Amino acid sequence: MKRFRQRLHRQLDPQAWPAGGLSPINVALVIAILVATISAIVQTEPRLSQDYSETFRVLELTLGFLFGVEYLARLWTIVEREPHRSPGRQRIQYALRPAALLDLFTVVVTLLPLITVNVMALRLIRLLRILRLAKLGRMSAAMRLLYDVVNSRRYELGVTLALTIAVLILGATALYWIEGSLQPEQFGSIPRALWWAVITLTTIGYGDAYPITAAGKFVAGIVAITGIGLIAMPTGILASAFSEAVRKR
Amino acid sequence: MKRFRQRLHRQLDPQAWPAGGLSPINVALVIAILVATISAIVQTEPRLSQDYSETFRVLELTLGFLFGVEYLARLWTIVEREPHRSPGRQRIQYALRPAALLDLFTVVVTLLPLITVNVMALRLIRLLRILRLAKLGRMSAAMRLLYDVVNSRRYELGVTLALTIAVLILGATALYWIEGSLQPEQFGSIPRALWWAVITLTTIGYGDAYPITAAGKFVAGIVAITGIGLIAMPTGILASAFSEAVRKR
Amino acid sequence: MKRFRQRLHRQLDPQAWPAGGLSPINVALVIAILVATISAIVQTEPRLSQDYSETFRVLELTLGFLFGVEYLARLWTIVEREPHRSPGRQRIQYALRPAALLDLFTVVVTLLPLITVNVMALRLIRLLRILRLAKLGRMSAAMRLLYDVVNSRRYELGVTLALTIAVLILGATALYWIEGSLQPEQFGSIPRALWWAVITLTTIGYGDAYPITAAGKFVAGIVAITGIGLIAMPTGILASAFSEAVRKR
Amino acid sequence: MKRFRQRLHRQLDPQAWPAGGLSPINVALVIAILVATISAIVQTEPRLSQDYSETFRVLELTLGFLFGVEYLARLWTIVEREPHRSPGRQRIQYALRPAALLDLFTVVVTLLPLITVNVMALRLIRLLRILRLAKLGRMSAAMRLLYDVVNSRRYELGVTLALTIAVLILGATALYWIEGSLQPEQFGSIPRALWWAVITLTTIGYGDAYPITAAGKFVAGIVAITGIGLIAMPTGILASAFSEAVRKR
């Protein structure tokens, strides 16, 4: 019994797994979480949730049962982490962690559909558990690198963001003046014109708002070309930061 | 009295603040400027300015009063900057600076709404004051880095801009020839076709103008793919310039 | 006869060609493959395939005949690769390779139009043969560099992709909540909102789906600006990886 | 007379000008060329060319006269370049150069409007003369740097272009299969679907063609995200090439 708990703990706790990467059980759990997430996303589509309501109900109950068993298994094996401490206190401490409470709540809500809460948020939060499971290995080294790179250039990126906001406000104000009375729905106020400015500067261009006068098009053209420069900025900043971070290692 | 003035000066003048970053009073002023800017932007929206007209009036008067007090406090404490010079001449010199005149004018216009001028421009110019307050610290080092980087590559960026303008003119001329008679509103003249060219080359693509013939689509496709190359250029230039600038420090 | 086979083998087998680049016959074959591909693409256009049906039929038969002769020539000359092995076994071994079977099948289908299969896929697969022919020379060195660069940063690029998917799901869920009941066709389910999220985050912005409420526009604006950051990421990662790969050589 | 010709030659010939940059006369000529180009572009707009037809006629004749004088001045001073050669042969040699013939033809066409040819192309070609005048100085060093950078990575950029074309063909074929019968105007043939693919992969997204089925949207989403990677590629390649080129200097 004790040996089984030890082996199960090694499988469940990413930090206890001796080999590189994830243990087979954690790989299965990551897949189960992905399936649960995709199922949660797909079920919001009325046509599918009606046609396959039975399939989804079975899938949800199966996944709920699986995550319930996982929850109990983690509670049982957690004492293996620090074998010399009192098992009861360790389990209570584990159960009271926000992450564990969330896990428990999600399982209860899934298995007892009597409580009809909007469980979409809960289902998506499950995705965060992948992060917890994947904390080790090369993937997390890459995560740390990305975080360090962005962090080391936070002032430069902040200045670029401030510049972008300044261009957004200037562009929106200009078009509010030029086309505000012609297209009140699109440019009748600066907040409305800001929507146009964001969609233009990010080069998305839905086409729901665009200038129709020569002056408006001229200003929009300048904003558009400035936008290219403002997109080039953070890319250049991050590229040099990556080069530096990689050289340091 | 003299000690209070010294302490107030240290709070108001970014260069006099001994610790890093901004003084508490200047942080409060930056927040007040941001609130004033957002208020100015939001008030242009007719629905909001009508429903909350009283709220906006109180907010504007409060902010006007606050900036008025700030103006007087700066005028009073400026003499601490160079204690050995004549206080009167220092104050007059300060008051006649364009930035201080603008501050005074904005305050007067806000507090005396009798003068009904279009004060939008004045309100947005307030944002520049954040720049003046934030002149110190790491943010301004990042600003200088960005400026140096762009400046050190101004010829390369200039050539890229010239190339972009050449592609814009070539593309617009081609589509004016190909689709000018078919879609006179969109391509009936080169200036009109230039609007299409700018919106295409910056990859915005509103959808108000696009070719409909096979020949037009072929030329537009080439312009579009060239556009990707022209966006890659400044990014590559800035990335290498950042790498170089960071290495030098 | 033996000498002619040797010379033909040197022409046909890219690895046997002593000079750099491609042999004249392989250059001709690359051109023939490109012509065949363009012909296959153009023929799907009903107007052209009807007006020039005779031209296309002649072109297809000519190309089919040419590739048939090439197939037989390769089968005949393959024994020159390893002159000491049994010619029969070498030819059977060559003929049974998936690539050779595909070549044969494509030729047969082209020359015997009695078998009316949808041969579009077969025709496009021909393009892969260019890769096989172009395996040597500087082009393939560039290919290997690109592959190495992407491969050396697969974890960083993977994390960026995971982040992108997370932003996609978050943005789609937010707009499903905000605009799901207002625009059921566009945001009535998370899968539908995901289409909007992908087209927005990649800055394409067709304009078939966009938010119309203030709250929806606010969230979309944040997603749009985040999108710029997520595009800057892989560019920065690849730029630094290229710098490193080039320095190593 | 000889001294005046020498001084004029120093002004007209960029290579003869002793100080850095352009000579005052060449600066004036660059401005005149820009004015002529903008005038040529603006005149294609029917509303403007009708309302200001007299202004444009005077401007065109003035510019034509100016460029005529310039042509004669260059013909007269060219002998100063190599003072020991025969003036007559030098002038004939200069006059027969394609660039000089084009200059003469443009002048004649502008001053003798009897010959009603479509002179738009001629007018735009004038822009190339700016390149000839600006051949010296730091601008041309930047031009050479850009050219060297692109040239040094032509194989990598070529492979990226080939990859892009492959993704374009694959994506277009997929959507032709999925949506060809549903939206024949947009996806009824691969050439038509290619227009959609180019506008999507370059992230322009006019909105004249987009998938409407779930399968089509899924494939389009993959193409869109691949597009981001394909845009990141050339940027990364150019960034590393710039870093290398700058380091070498």
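Per-chain residue numbering starts at 1, and chain names A, B, C and D are given in the order in which the chains are listed.
Operating definition for what follows: a contact is a pair of C-beta atoms (placed from the backbone, for glycine too) under 8 Å apart; a residue touches a chain by one contact, two chains touch by 3 or more.
Source: prediction; values computed, not measured.
Trainee: From chain B, which chain is the farthest off, judged by mean CA positions?
Mentor: C
Trainee: How would the chain B/chain D interface be labelled, same or different, where same requires over half of its residue numbers to be shared?
Mentor: Under half shared, hence different.
Trainee: Between chain C and chain D, two copies of one chain sequence, what rotation angle (nearest 5 degrees) aligns their Cα atoms?
Mentor: 90
Trainee: Measuring from the mean C-alpha position of chain B to the mean C-alpha position of chain D, what distance in angstrom results?
Mentor: Here the centre of chain D sits 31 Å away from the centre of chain B.
Trainee: For chain B and chain C, let me know how many angstrom lie between their CA-based centres, rounded off.
Mentor: Their C-alpha centroids are separated by 44 Å.
Trainee: Among the residues of chain B, which ones contact at least 2 other chains?
Mentor: Those would be 191, 194, 203-207, 231, 235-237, 239-241, 243.
Trainee: How would one label the connectivity among the chains shown: line, ring, star, complete, or other?
Mentor: complete
Trainee: Inside the complex, what are the residues of chain A that reach chain B?
Mentor: Where chain A meets chain B, its residues are 155-156, 158-160, 166, 169-170, 173, 176, 188-192, 194, 200, 203-207, 210, 214, 217, 221, 224-225, 227-229, 231-233, 235-237, 239-241, 243-244.
Trainee: Over in the complex, which chain C residues touch chain D? Could you list them?
Mentor: Answer in residue numbers: 37, 41-42, 44-46, 120, 124, 127, 138-139, 141-143, 145-146, 149, 161, 164, 191, 194-195, 198-199, 202-208, 231, 234-235, 237-243, 245-246.
Trainee: Which part of chain D faces chain A closely enough to touch in the complex?
Mentor: 203-207, 235-236, 239, 243
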